[in-house]
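Across the two complexes that follow, chain A remains constant while its partner is chain B and subsequently chain C.
Presenting the complex of A and B:
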């Protein structure tokens, strides 16, 4: 044991060496990076300042762009009144549930397409036609079938999330490297083990990419369905505000949506890094 | 699938291609049969699932009545205006961001903040800014399509092999020359990918903005047919819009393949 521990730093490609190497570099690279971050924070602050004071002192029309402080004040009022959490929660619930249904159906469908000829024959034309078409156009059909409440919204979201997920899963599972599969087989792995231990991990980066494409699509769809059918949610609240020419309300909605979108997308990126921690793409 | 069969055959190519396409798209026929079956046996009411013959009739009367083509032309012209502007501005901005640090520092935070925002949330904003006319929808499509193009171009331009840049510079190319002759071309695959995403977004935003605020266009046509209870016509219009979206993507993919012919492999 002692010998190995001593020998490790000398070995050219040992993991401990790789981890140690960037450490001295980081000191040199820190300051330009800090400058970059500082400048970018300053840009955001300047934009917020232009928004606030431009609107306040009449450079921008306060109806077209109400001052930031007024918008934030409205969000605060609504937060106290309890409408913000309800709207955000409803939007998030519809988007995430639809997305989850799309994923639960789409990922197995993509795997089956890659592994079974019959499923591929049946689904390939449907997916290749469904993937590029504007799914939102089908909304009136779902309204007709499932009425205007949560069911039709969630089904619409699931429908639009399904195609990117199934296409990415299929692409990820059908272009796998043969060697790991053969070696797993030669070690006696059964089909089930092969699926969980080889196919899924190898296709995981592409599946996750599909999920990362689908989630924003799902959020766009959720907002549109809420705008069209009402039933609260951020989209419903915004379109109501728009119809009553309440521009403060519209911008309060936009700020909420920006924060919601940012949080959701960033957390998915974090989850991706966590899941793919073993993958070369996370090693940088 | 189909290419496995194509390998060994040496028959007449056209007939073979027809058979091949027929086999490939036969599941659609199955779906259509299932659709008719559900309607005919009365398992699902005619209201919910109008017969395909009825839908075809409604489609042809809309087509020859001219309303379909008029609304399509209105929609497509708005989408094209927004998308075209987004591609021009987006490619320019992406290249400048990749090439010049001040531009990058200025626009990166803006892109970071607005990229994850669901673009349909802008519908009420453009409604307040520009009213219910064409300009609000063009602005919406422009804003929605801009960021995918910017991000695609930026990633492509940042990933250019530095040897290409160095050799161009050592041959005496100026910075603008390098940008135009090397970076733009090397980034082309990523730019074209970004534009494809933008194309899909333009259709989504076109239809959904016409659902919410419009007086013409295919989205408006679909929703007013639905409100009026003319379901066969509504189904026909929806399938037509889906078909246009599909065709646009296919045409774009063909165009992109042609544009990238110079690439190896």
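Presenting the complex of A and C:
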């Protein structure tokens, strides 16, 4: 078969191949995937239950850990009052815009690194140094250079998203299988056509992996910059709540972040499946 | 298997057949380092316009390397390779190739794989559609047009790759063990099909194989290559009727040639095994 095993990126935890053996015909029959989901939902529900009843029946100090129902009630109130949509919207806007800027710069940079020695000589050391560095340390500089509002936050997010994206794209584009390239060339494809018609689709699994790593990084960076700089946004709201010893408000922020992160990450997984419909990983 | 062909199909860009001239070609892998490996040593080969030529030899004798050099995929280090279009310096649509490992585009369906080459060759939309359908049908993949390569067996992928290359109707057809992944039955049918296409369309074919019977069945001339470093040891004319079908297998000349060539190849294979130790 084709040597595509190398191109297999991180896989979502899903049951193994097409082992859809007809389930025994007694009781209710669920597919392995449904069982998987059901168990995972049950685990989350159990933890939520422990939180709720632990806090409610005095096992835990309700100030240090307010019951889940109270936290959800607060989110509901703020939702109606209109602060949650504004904060969530702002956080999402900063995270996604920063992420998009990181991708728009990082993907071409990674491709160029793989295709041009000059670009690689220039960028490789910068990426090697920058990738493991805690990017948030640059925040004071970005505040100095830009502002204390959106611009510096978004640039901070773009900066931290850039590194995983450029590294994954470079890795993906520099280890391409030569055979599809050779066949495209034998059909008469020029260098520019090769880039769009062969290199990009072939490197797509790794590029998407880079994007999938960068997106949570972007969310983390957004929340942290909001916490450090204050103002609106989920991170800012949490810091405010913390300063006012409003533990319910802090936990409301945490629950919002959990939900936001889950939705965003799952959406990207679905997009990945759509794009990589040709890839064996999509048929697990 | 449909043995009908697109007869005198309208062409937007005709690739005329051409001979291939290989003179004094040597090739060393890792030539820039000290421990370079000499793969081809002084190859001289004249393949006539419209000839079906088989390169036969043990594995590792450099026959694929020679094919890739003719294809322009790897640069010629020593010697000259030329077609009627001039010296070969890069791959081009006048020399289409079927790779041993298919080299399909995994992100395209079977049909889109076939359409890709047709589009590059400049066929118009209606021709592309018609030719894609015809060649997919010829390799028995009708019903799998919308399957991705990873959903197909190795043999099916190989047939898709053959359809993709034949569809563009190249003047020179390079084939690197193209039937290797097929079962014996399909293999025989594809061999007959290829002979028929070649006979009807006057292509120059260079066909790499290590299967003696396949070479004798298909070729006008066979070059037998030596074990590494690859040299052309013998060039044998195959004096068999142009129309070859199942019955040729019982032809006295076919059997005699096969046995003669088998002995020559065996010598090289034994030498190759000894060289490996």
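The definition used in the following text is that the second predicted complex is superposed on the first by the 243 of 284 C-alpha atoms of A that agree within 3 Å, B and C clash if a C-alpha of one lies under 4 Å from a C-alpha of the other, contacts with A are read in each partner's own complex, and residues count from 1 in each chain.
Following the convention adopted for this analysis, contacts are C-beta pairs under 8 Å (C-beta built on N, C-alpha and C of every residue); 3 or more make two chains touch, one makes a residue touch a chain.
From a predicted model like this one, the values you see are computed outputs, not experimental measurements.
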{"item": "Fit or clash - chain C, chain B, common chain A", "value": "fit"}
{"item": "If touched residues of chain A are counted for chain B and for chain C, the larger one", "value": "B"}
{"item": "Partner chain in contact with A:278 - chain B first, chain C second, else both or neither", "value": "second"}
{"item": "Contacts of A:198 with chain B and chain C, given as first, second, both or neither", "value": "second"}
{"item": "Touching partner for A:139 - first (chain B), second (chain C), both, neither", "value": "first"}
{"item": "Partner chain in contact with A:186 - chain B first, chain C second, else both or neither", "value": "second"}
{"item": "Touching partner for A:31 - first (chain B), second (chain C), both, neither", "value": "neither"}
{"item": "Three-chain overlay, closest Cα atoms of chain B and chain C, distance in Å", "value": "5"}
{"item": "Chain C-contacting residues of chain A that also contact chain B", "value": "none"}
{"item": "Residues of chain A that touch chain B when the two form their complex", "value": "36, 39-41, 43-44, 47, 63-64, 117, 120-126, 129, 132-141, 143-145, 216-217, 219-224, 227-228, 234-235, 238-239, 241-242, 245, 247, 250-251, 253-254, 257-258, 261-262, 264-266"}
{"item": "Residues of chain C touching chain A in the complex", "value": "71, 73, 90-93, 95-97, 99, 101-109, 116-117, 120-121, 148-151, 154, 157, 164, 168"}
{"item": "List of chain A residues in touch with chain C within their complex", "value": "1-4, 179-180, 182-189, 197-198, 201-202, 204, 277-280, 283"}
{"item": "List of chain B residues in touch with chain A within their complex", "value": "1, 23-28, 30-31, 48, 105-106, 108-110, 113-125, 127-129, 200, 203-204, 206-208, 211-212, 218-219, 222-223, 225-226, 231, 234-235, 238, 241-243, 245-246, 248-250"}
